[in-house]
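Below, each structure is written out as structure tokens.
Each of the two complexes below includes chain A, the first together with chain B, the second together with chain C.
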Partner chain A sequence: MSDIATAGASGSAPSAVRSGSAPRHRLWRLTQGAGLILGLYVLLYALYAYQQPRALDSYAIAALMNNTAPLALAAAGQTLVVLSRGFDLSIAGVISLTNVVLAVYPLEGPGGALLSLLVCLAIGGAVGAVNGWLVAYLRLQSIAATLATMIICQGIALVILNAPGGAVSDWIADELTGRLWGVVPVSGLVVAVVIGLWLLVRRTDYGIALYAIGADEPAAALSGVNVRRTRFLTFVAAGMLYGLAGLMLSAQTATGNPNSGTPLLLLSFAAVALGGTSLSGGRGGLFASVMGAATLTLLQKVLFSSGVSSFYTGLFQGVVLIVAVVFSGLLTRIGERK
Partner chain B sequence: MTVMNDNPISQARFQQKGDTRRSARVSAETVSTFAVAILCVVLLLGARFISPSLGSWSQVETVLVLGSFLVVLSFGQGLVILTGGLDLSLPAVATLGGILATNWVGASDPAAWYLLPLVLLACGCVGFLSAAGIVWLKVPPFIMTLAMSIIVSSLLLGYTKGTPRGAAPDIAVALMKGQVLGLPAPVLFLVAFVLLGWLFQSRSIYGRYLYAIGTNVEAARIAGAPVTAMRILPYVVSAVSAGFAGLMLVGYSSGATLRMGDSYLLPSIAAVVIGGSSILGGRGTFLGTVGGAILLTTLGTIISAIGLEFGLRTIIEGAIVLVALLLLREELFQKLGSLWR
Partner chain C sequence: MTDATGRPDTGERHLSSREMRAAGVSKSYGATVALEHADIALKAGEVHALLGENGAGKSTLVRIFTGAVIPDRGEMRLHGEIYAPRSIIEARKREVATAFQELSLVPNLSVAQNFLLPALAGRGSPLISHRHVLARGAEILERHGLTRIDPAARIGDLPLAERQRIEIARAIENAGRVLILDEPTASLAETDWLFEQIGKARARGVAILYISHRLAEVREICSSATVLRNGRSIGTVGLASASDGDIFEMMVGHRVEHARRPARAVDAARTPRLAVENLAGHGLRGVSLHLGAGEILGVAALEGQGQRGLFRLLAGLETPAGGVIRVDGKLAAYRNPRAALRCGSGISYLPEERKTEGILAGLSAATNVVLPLLPRVGRAGFIGRRDEEKAAQPSADQVALNPRYLGFAIGDLSGGNQQKALMARTLATGARTLLLFDPTRGVDVGTKESIYAAIRAFAERGGSVLFYSSELPEIVQLADRCLVLYGGQVFRELQGDDIAEQTLVAAMIGHDPCAPAARAPAPFATPAHAVAENAR
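After this line comes the complex of A and B, so read on.
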């Protein structure tokens, strides 16, 4: 365990171990991981602010955050699973399910909202536990196992609510999309809390084990990492994040739709990839994926305010995705050559 | 390189197994193919107990006609998975095929004989673009095909302005609704397609190259396989077969919609996986995939015949996929296979 712990402390990416010089590499990882996507976001935001001078006032920022939060949280959960070298399709099922539950059984007031939050986390955690059990202990391929749980969750969502309808409680719909003291958007705060938690978790044994099993599972197992438990916990944590994403989506739409999670499935992978997290595991981070999600959402707004027909949003999202991945791949290769 | 090829898990698996002689591998695959086929027959016969209208020859015909779309789609998906990739652009390309067929060609266009191949060519170009990104720009297959899927759907949305028009070409309707020698034309087509697909994947030199690349790219390169061409090929074949499935879908339903391919993405992966292929590549047979596709379709028709509400049907479908996965786990077949020897 000890050599893994030191490797993790000096930058948890496996290539850090290979290159040897940790401090320079940490700087490098920052620029090629989140740095690239942050730069892209700032550039897009500047363009957006140039087109829409109002984009800088707190109302517009809150609206943008509200649009971003569900995808950002979903992508955050997906990142955990991808880091452990897996794929999680149940994301669509969990979000649809929590959305439907919130719309059919609205709980009023702050107390109700707290209870709703717990329900969402419990649903996500339970589905994640099933995924984790299937993948970590029964050794099913993660794509296949989560495909099955996704279909089952969609089915349960359809049983609870078979057509779009219902109403999310007013407190959730108003407060979670509002601003604290008229300035700080609540949805942005929720995402910030998740990022903060991640920064803590990344330093724990669990965080180091997560990167280790994603980078090289046999080596991690030989070094004493409990691979099964790490993988199980990853699916549970990811599921809880999807539950939270479902809550934020419900707050934003204020209504229920048994298929509300489906559009987020592929976009969550796009956000993860855009953030530079390697889909073959072990390299990347949660913050970069959140920024990836934010960029995809902002791109929609910029295209809309540029007068591009909304039909072609996907064209630009796809091209940006390919260009970003090619570019970050180039950077990584240049970095390795040094 | 690609996401899945130089994967320590798959390498570790080979090391653990120790015995990778062809006889051992083939028997495990054969057992799983037979298991899926037997499960299909049992389900069809067992369905009689649920409702007397089930389990008849006409239901078998229905399953084969409905299953033909999934078989054609999962042929391409299977080839891509065999080389260690994944094709997420299948639904978008199928929709492209369907929409071009109805918009360009229409019902009784005498130019259909050269326009329809052009439609398939356009689909093939999408596949080639995906492959180019994967092979030359080194974008992981999962991301490249996802991006192509988003791009193609968006272009189709813009091209049709949101409402596709036009009618299905006569030849597509004839393929899906016609009768030849008292048998439905799609069933005969399905038999021919499965035969050709099997010959291509298991009996041709190209099929062998794909297995070699899926197992170990570097070894395949050293052994003299045309690696670049063979990494491009599956994506092109996959896109053309998806375009063809789009033609079949418009022939069956007499019109195209913008979402007509969407419901086939996950089943196409599930059919390949249930058929005994490894999602990491290098292992699996087309006959297993055909079995997986027919099994999924059989389940779908039986479940919809029971007359439950849609949500419960979906739950049962998911549970069955799960049970199938658990039953068809690799270890089980290795055990069964070792009883054989």
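After this line comes the complex of A and C, so read on.
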């Protein structure tokens, strides 16, 4: 099938969803979805490798993956909500909450890690269910509803652990940041599994419904789409991804901090926007946001290895975000004119 | 809501087993009564028209049938069983489907995906096969004679007319028992395709409810009609026995007269308000025209002959690729509607798409009307609630908009009243030149009369009007002069008594002016689109 070639690259723009009336050039379509951000990432990586010859070592790659995974997973969850034309602020609360839970109640061994994973998914899913209920069934605006759940979650996190401290179980801290067979970084694998699941979900009725309600909710409803259920499921799935992000963050930091999720809140939106997902819903995709998150993280590394003070990181990230959004807007406009 | 007591329908149930019947259906929103009392019966295999002015309650009745609105009172039966859908999905399960006037297609999905919503995955697998969806989409397109449409095309990329066809085809696919067509020809160029599909559905024994403002069309396809007025069903008539006058009288409550505006001499010596030379770009290939003070200039054309580009260029929404625009004799180069409004004696534009380009749904009708002159409304920069209504009053009076509606959110008003409010806004700008793009699109007879009166009164006061209309009788009634656009150029110019439907029709399809008219005039209202097929 023709979309195999672009499926991986255009995770943001499922070819099934965006194929226009005129058969567009395949190379051109690469620029439409995740192609742009993928290109940017490769460019940045080349720069990084030029500065740091060891950047291509499997150790360095794994370290980069470990740094990337929490934001990538958080951005993945945020993408789902943004696609459905919503915003999810509870991301910060869920990540903080799972982080302190893992640090205060460490469960040792692989069995404990599995249980921890389930706990994280359950916390995220539960918060997502509350969000979904508030937004889909009580028709609250998503920013207001998720702001409330974020504050609640952060409050609970402070109750559990009122100052940075605690220790995440060794198994989680070691294994989830390690490499399988000395090569494959586990954190990268987790992100890859999420992307794989997304590629499947995109091809389900739910996936189509997600894009439909994001683009035109009344039309989707009149077309027979169950808008409420779709919206509800979206918040639950997003919450579970935040839970997973919390787990990966805990593995990386190995300690608890009741405010650990806060920096990821705005960066997740930056990653989504950088990936070209429209903040007004219905356009974009999860893979592109993951790449957006990866780019933001890599940018940090590149700046660090260039000797730029870390105080300037935010400045550069913001500039890159603006440039990328303007550039992708230009490309889209050229594409429409064709 | 089921109030079956005392209604003697037990006897007729078996007789009318294959019909949809609604009795005493009503719905109100707070103090506003949208539908007071509607009785209607749709028989299987019959096309039944629903007629009424905008605001008569047609849309509410459609929404009730569709399950989008739950009625307060009344009973509905489908094939003898109680029918009380609480959602669109439920109505669909009972095989009642609607082609909506506003179109309910999702713009970022493909044609095939829209057809199959909400369940695209086949039975057995939760995953959607892209190829399978396209194949089924192509199959549906073929069944409805639309093979020219690519099933993989994104809905948002298709022209409006094709989208409307897809909306209709989808409704027919889902309508096993009842098919509701709400203004199905609003953006269709011809009715042949539609009537053929309706014929096929009728042969399957589907009961069809047909809603249209175009009586000629209704007469062609429907056998009987129910008239709604002010939320009440006034009665059901057989269309063969009722005259147009009878039906108008039922709809409006009084007779409607069609009077042509007396021809007026425009002072040719004076500089024209608006003069355009060789305007090009956005579908235009060198259009020249002039518009004098006190003149009403009509534009007639089939779909897509450049009329949209002409109006958008003149309104300042687009920049011309070439040509000159002169306002009051002075060279004008404005790049947005705000500048156009301030240019010379002012140019004000009434856009085509009421919903997306016109109204600000959440604001009151008064705010919508006074928007262009807000700075002049307030006192020291502050605007009181009453100020807007007071300022909107004179313009509202000119279009006979009931002042009681001024305080309502415009989104809650009927389409006709929204259009009146937009017309009032266009007048309120104080501009001496109006550009009206299809000013009576999709509005009822009563509203049309009010808008015509407002246009005429504006011209009497020395204003200039350039208007496009998709309905020929409108041009015949209103225009002092008429330009026929064809292929982005002015194909013919008609004046005074030469403006007649048959002449216009011939010119619109690019017929030589000297040759006889291509088609005899239709008995009643010939929509301009009705002849498009000839042009293809």
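By definition in this document, the second predicted complex is superposed on the first by the 310 of 338 C-alpha atoms of A that agree within 3 Å, B and C clash if a C-alpha of one lies under 4 Å from a C-alpha of the other, contacts with A are read in each partner's own complex, and residues count from 1 in each chain.
To be clear about the criterion, a contact is a pair of C-beta atoms (placed from the backbone, for glycine too) under 8 Å apart; a residue touches a chain by one contact, two chains touch by 3 or more.
None of these values were measured; they are calculated from a predicted model.
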| item | value |
| --- | --- |
| Touched partner set for A:P218, first chain B, second chain C, both or neither | both |
| Which of chain B and chain C A:L210 touches, first, second, both or neither | neither |
| First (chain B), second (chain C), both or neither touched by A:C120 | neither |
| Chain B versus chain C as contact partner of A:I151, first or second or both or neither | first |
| Which superposed partner A:I143 touches (first chain B, second chain C, both, neither) | first |
| Contacts of A:L286 with chain B and chain C, given as first, second, both or neither | neither |
| Touched chain A residues, chain B compared with chain C | B |
| Which of chain B and chain C A:L200 touches, first, second, both or neither | second |
| Touching partner for A:N226 - first (chain B), second (chain C), both, neither | second |
| Chain B versus chain C as contact partner of A:N162, first or second or both or neither | first |
| Contact residues common to both interfaces of chain A (with chain B and with chain C) | 216, 218-219 |
| Chain B contact footprint on chain A (complex, rising order) | 85, 89, 134, 138-141, 143-145, 147-160, 162, 216-219, 258, 266, 269-270, 273, 279-280, 309, 311-315, 317-319, 321-322, 325-326, 329 |
| Chain A-facing residues of chain B, complex | 3-4, 7-9, 12, 86, 88, 133, 137-140, 142-144, 146-151, 153-155, 157-158, 161-162, 266, 269-270, 273, 278-279, 309-319, 321-322, 325-326, 329 |
| Complex interface listing, chain C residues touching chain A | 66, 68, 88-89, 92, 98, 100, 103-110, 113-114, 117-121, 126-128, 130-131, 133, 150, 152-154, 157-158 |
| Chain C contact footprint on chain A (complex, rising order) | 1, 3, 16-21, 200, 203-205, 207-209, 211-212, 214-216, 218-226, 282-283 |
